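Right after this note come the structures.
In the two complexes that follow, chain A is the common piece, with chain B as its partner first and chain C second.
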Partner chain A sequence: MNTYTYEKSQSLFKRAAKVIPCGIYGHLSPAPLVPPTDYPFYAAKASGSKFWDVDGNEFIDYMCAYGPMVLGYNNPIVEEAAEKQRKLGNCITSPSPVMVDLAEYLVNLISIADWAFFAKNGGDATSFALMIARAATGRAKAILIKGGYHGVSPWAQGPGHHGVTDEDVKNNIYVKWNDISQIEEAISDNPKQIAAFMATPYHHPAFTDSEMPGDGYWQKVEQICKKEGIVLIVDDVRCGFRLDMRGSNEYFGFKPDLICYCKAIGNGYPISALVGKDYLRNYAAKVFYTGSYWFSAVPMAAALTTLKELERINGPDIMIKLGKKLTDGMTEIAKTYGYNLKVTGVPSMPSIYITDDESLMLHQDFCAACTKRGAFFTSHHNWFISTAHTDEDIQRTWDIVEDAFKAIKKK
Partner chain B sequence: MNRDLIKANLNLHALLQNFEELTYFDTQTASLTKDWNETIYFSIMGGIQAYIEFKEMKCTFGISKPKRSSISLFFLSPGHCNAMFDGKSIPIPLKGITRIGFLMTDFPNLTKRLEYYLKPTDELLKNEEYLALNTRFSINTAMHAIKILALMDPVSKHSASRMKDGVIMLKVLPDGPAAQLIISHGEFKVLKGEIEKPTAVILFKDLKIANDMINGKIDAFSAAASGDVLIKGQLPLIDALNLILDRVPLYIS
Partner chain C sequence: MNTYTYEKSQSLFKRAAKVIPCGIYGHLSPAPLVPPTDYPFYAAKASGSKFWDVDGNEFIDYMCAYGPMVLGYNNPIVEEAAEKQRKLGNCITSPSPVMVDLAEYLVNLISIADWAFFAKNGGDATSFALMIARAATGRAKAILIKGGYHGVSPWAQGPGHHGVTDEDVKNNIYVKWNDISQIEEAISDNPKQIAAFMATPYHHPAFTDSEMPGDGYWQKVEQICKKEGIVLIVDDVRCGFRLDMRGSNEYFGFKPDLICYCKAIGNGYPISALVGKDYLRNYAAKVFYTGSYWFSAVPMAAALTTLKELERINGPDIMIKLGKKLTDGMTEIAKTYGYNLKVTGVPSMPSIYITDDESLMLHQDFCAACTKRGAFFTSHHNWFISTAHTDEDIQRTWDIVEDAFKAIKKK
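The block that comes next holds the complex of A and B.
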């Protein structure tokens, strides 16, 4: 099987590094891709489940832009809706009617939602949720899960990170995932001071396995929050609409007070949302929170169409089945080459690691070998499946996986 | 944690250990110390201690009280010790008063030599031999400083608490120098040289890249992406190490 080279990506990066900090910053930085020189840095175009880099290499994309792509790149239905709205207007002095349509749709779709608020990024939604919880409770502290991710606001980055002060994080209390006793201890140590408990529906940290909630975990958390007057916030930014259209909380059988959405909501158009229960509506109204592009109508039209389409085709079910098929096949192929591939998390966003080497170096070699053959795999983050992935994509991926295992076995 | 206390630990435990390799690699230092038979013991009221022993053309560094010392230098406080390292104070000699000539003349010549290698200029770094030694000392100093900050600096302690057990190896390609930071049950240990199976590696393409990186002249992300620095393995360990490393200049330059 031919392997790719990336001369144009490398050349562009050299230019970028001179004028952009890090060259490519944030979660798209090539730094955690090991080795970065085995990966494409710049995309030229994308369609369906694939993208093509600036060197003309084709990739089946298992990162889906780190989540936003859910119905396929350039999905014609979504693009048509966006184009229709674009012709009418996008960023205008007054909001467009599609904002009301989208809010009504979300309120009907999401089981706990009595209202919806729109912004741009997941971090906008998580920060707003925290502010609402503080406004509603008159308390300052928040219980968060150790290793959880809620965006890049200073409060969300944690102590020790550049530009983050002790004051930024002094109200955070970190507890271990699935550990009720630590939550109870945090509450007992900080009586009437905890405004919120925030967590993702299941724990999906980078560089390690995902962890599902233990039996009764969320139900117990919900019960504790109710008893203690703590606002229960679910950060559904990554999982949202890949587990259950009604909210990932429904997949696990509990009812939070606030849910944060982004990523899959707009199939790549920049929009995020916070939905909440009625009792928090007035507090959401009182917290002043806005942004220059938060009323842009095109992403709202794209989001409305994305959600309708996902609901029509039962998107989460399709992605879960595709992810299961893909990873079951990969696990079998790995076995034939003497490797153990561990798959965790919900199959629509699987975390996959080779367990034969704790240092992850073998796993990094494997992911790089697959990427160089056309299946874009990261070695540090959960992957994403879209409804645009096909059985042909999966078969092609299995062929790539087989060839990659042969290559690393030889190495 | 007292800032002076952390700085004193860095001065005594991260800087002084460089004498071992300075004596070995720098011909001028080797010549200066070849006939020395001295053990200098440093202690600060409250407990921090270190010694450097010069014997049979070799320097040995330790962080305890030596079995015997020819000179014993005492500091009333961590601040007193730091002031000496900044050239603004002198220690109290508890032993070796007869060795005053050595302390006033010979030893300062040695410390000046270390200072020469630890305070580079762009001009000096153009010299290959200087670059090699400055890089070696910078890596060793950085690794020892990380060990100290991981245990003492409140912000670094947060980063260190996220570090799983393992070994991070830094190596300048192709032939070194190399160093290891070993993390085990909350304890940190620094070793020189390579290890066959590290948990995470940072490989610098050459001495210049290593030097620029350790001294904060290039950004780690761009260097990694461009292939100048290869990072591999448990990257969260390297991420935490970098966060701690970036705090070193808050205490010592």
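The block that comes next holds the complex of A and C.
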């Protein structure tokens, strides 16, 4: 099996480094990809489950644009709906009727939703959720999970990050995932001061395994929040519509007060959403929250069609089954070469690490070896499955994985 | 001249009120439009300088989607570039080459720009600018102008707003626009603690006249910031590419360290940008800042084409001349009916109020009367001109204005 080279990616990156801080910043930065020279930096095109880089290399994409791609790149059904709306108009002085259609659809779909609100980023939704909780409770503090990610707002980045002030994070209280006693302690240390508890449906930090909620964890959290008048916020930005169409909380059997969506909601069209319970509606109305493109109709039309299609085909079920098949097969192949793969998280967004490799050196080698053979794997973040991934993709990925293990073994 | 009715808008709004807080929230909320019954709430389609509401009424649009529309709705040149990129791909696991092209273009275009960074909202850019200033200076405080708008982040909303904590705004120091002594006082009260001075190129608050910078104001601010090691940030989100293609600061003759762009940059495609001087590049690289759709290629392709087209035709010059013609004519017509119109701000985004009407009652009547005759005017916010507005549009608007004044006079 030949491996890829990336001359054009690298020459574009050299140009980029002159005019863009880091060349490529944020979650698409090549910095955590090791060795970066084994990865493509720029995509020329994308279709279905694959993308092609500027050097013409083809990749089965297991990052799915870090989540937004859920029905396949350039899905014809979504594109048709978007095109129809685009011809009418997108970002206009008044919103379009599709905004009402989408809100009605979400309120019907999501079990806890009595209303919906639309923005652009996941972080727009998490910040707005926190502001609503503060407006509703008249309290300032928030309980967050250590190592959780809720976007790049200074409060969400947490202490010690560049550009974050002490005041930005003064109201954050961090607790360990799956630890009820730390939540209870935070509450007793800060009586009637806690506005919100915010967490992802399960814990999916970078650079390490995902952790599922322990038995009864969420039910206990829900009970505590109700008793203490704390707004329970689920950040479903990453898991949303990959676990359960009714809200990832349904996958784990609990009911939050607010749920934040982004990523998979519009199959790559830029939209995020916050949905909530009726008792928070007036507070959501009171907090002023808006943005230049938040009423754009095309992403709303795309989201409505994406959600309908995911519901029609039971997208989460398809992705969970595909993810299970992929990772079960990979685990078997790894064993035959003497490696153990630890797979955590829900299979539609699996987290995979080679065991007994705390430095991640071996794991990085493996991910890079697969990538330069055509299966795009990152070593520091959970992967994503889409409904566009096929059995053929999985078979080809297994072949790539086998060849990669062979190459690593030789080294 | 017949006036419009809005049965379908109102019935859609009734549906919306059940599933969306406020029905329509944020800057598109009908709440400040008085009487709201004289305004359309939902747009069915848009083209060039006009939009049509769901009741089939046609409007010459003087809000331009509150700024993003600058070359006309569905401008064929921009749409062609977007479509070409869309067929290749939009939101992919790696960025597209157009990101580098756009950054290079901005660095060439904007006089102070040594690098460019892309996000989605204007508020993403203003918050990032503040974080960079803090990272670069190791200081926390920021000087802001009373009544200025920099987005909906809690720090930007300011004290007393719903959902904003004391800590969110603890580092804000507010000074009066055009008042150098208050800036000097803020600095002497907070020695070596001020990271940034942030303001719009000229002061364009809601519900009142715009105010231009006084003679030498910006030059003095620039001088003070340099001396005190304060990062000078221009929020060019609203003015950007409507005053001067090289940066609105060039219109007023000064050089900031960072400039925030959004709105007109992509003719409605969702993208914002921060550009900055070389000495801040490493700090921009250090602050972690990203979002799910920030690398999407279609808005970048749209922005590149929008900027090239605006530069080719000298868009700011066209809009300034059109705005001057429109408002000069309106002022003349107003006089013949015994009213004085005060026009402030740069003519490409004029602020217009009837004088001697502090309650805005008369002004609201006038704006509503024009809107329901087909010229969409709001009474509480500056208007926007695009390059797609025509002499015919202006003539028709004058006729509408005349008819509106007649109707108001009768009342």
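What we mean here is this: the second predicted complex is superposed on the first by the 411 of 411 C-alpha atoms of A that agree within 3 Å, B and C clash if a C-alpha of one lies under 4 Å from a C-alpha of the other, contacts with A are read in each partner's own complex, and residues count from 1 in each chain.
Rule of thumb we're sticking to: contacts are C-beta pairs under 8 Å (C-beta built on N, C-alpha and C of every residue); 3 or more make two chains touch, one makes a residue touch a chain.
Predicted model, so just to flag it, every value in this text is computed and none were measured.
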With the two structures laid over each other on chain A, which partner does A:207 touch: chain B (first), chain C (second), both, or neither?
-> first
Is A:347 contacted by the first partner chain B, the second partner chain C, both or neither?
-> neither
Partner touching more residues of chain A, chain B vs chain C, is chain C
With the two structures laid over each other on chain A, which partner does A:41 touch: chain B (first), chain C (second), both, or neither?
-> both
Check the residue A:24 against both partner chains and state whether it touches chain B (first), chain C (second), both, or neither.
-> both
In the superposed arrangement, which partner chain does A:240 touch: chain B (first), chain C (second), both, or neither?
-> neither
Look at A:127 in the shared chain and tell me whether it touches chain B only, chain C only, both, or neither; answer first, second, both or neither.
-> second
Which of the two partners, first being chain B and second being chain C, lies in contact with A:256: first, second, both, or neither?
-> neither
Which of the two partners, first being chain B and second being chain C, lies in contact with A:161: first, second, both, or neither?
-> both
Overlap of chain C and chain B interfaces on chain A (superposed complexes) | 21-22, 24-25, 41, 161-162, 166
Partner chain A, residues of chain C touching it in the complex | 12, 15-16, 19-22, 24-28, 40-47, 51, 53-54, 59, 61, 63-69, 73-74, 79, 86-97, 99-100, 103-104, 106-107, 114-117, 120-124, 127, 130-132, 134-135, 140, 151-154, 157, 161-168, 170-171, 237, 262-263, 268-270, 272, 281-297, 299, 376
Chain A residues within the chain B interface of the complex | 10, 13-14, 17, 21-25, 29-32, 34-37, 41, 158-162, 166, 206-207, 358-361, 364, 380
Residues of chain B that touch chain A when the two form their complex = 155-156, 158-159, 166, 197-200, 219-222, 224-227, 230-236, 240, 243, 246
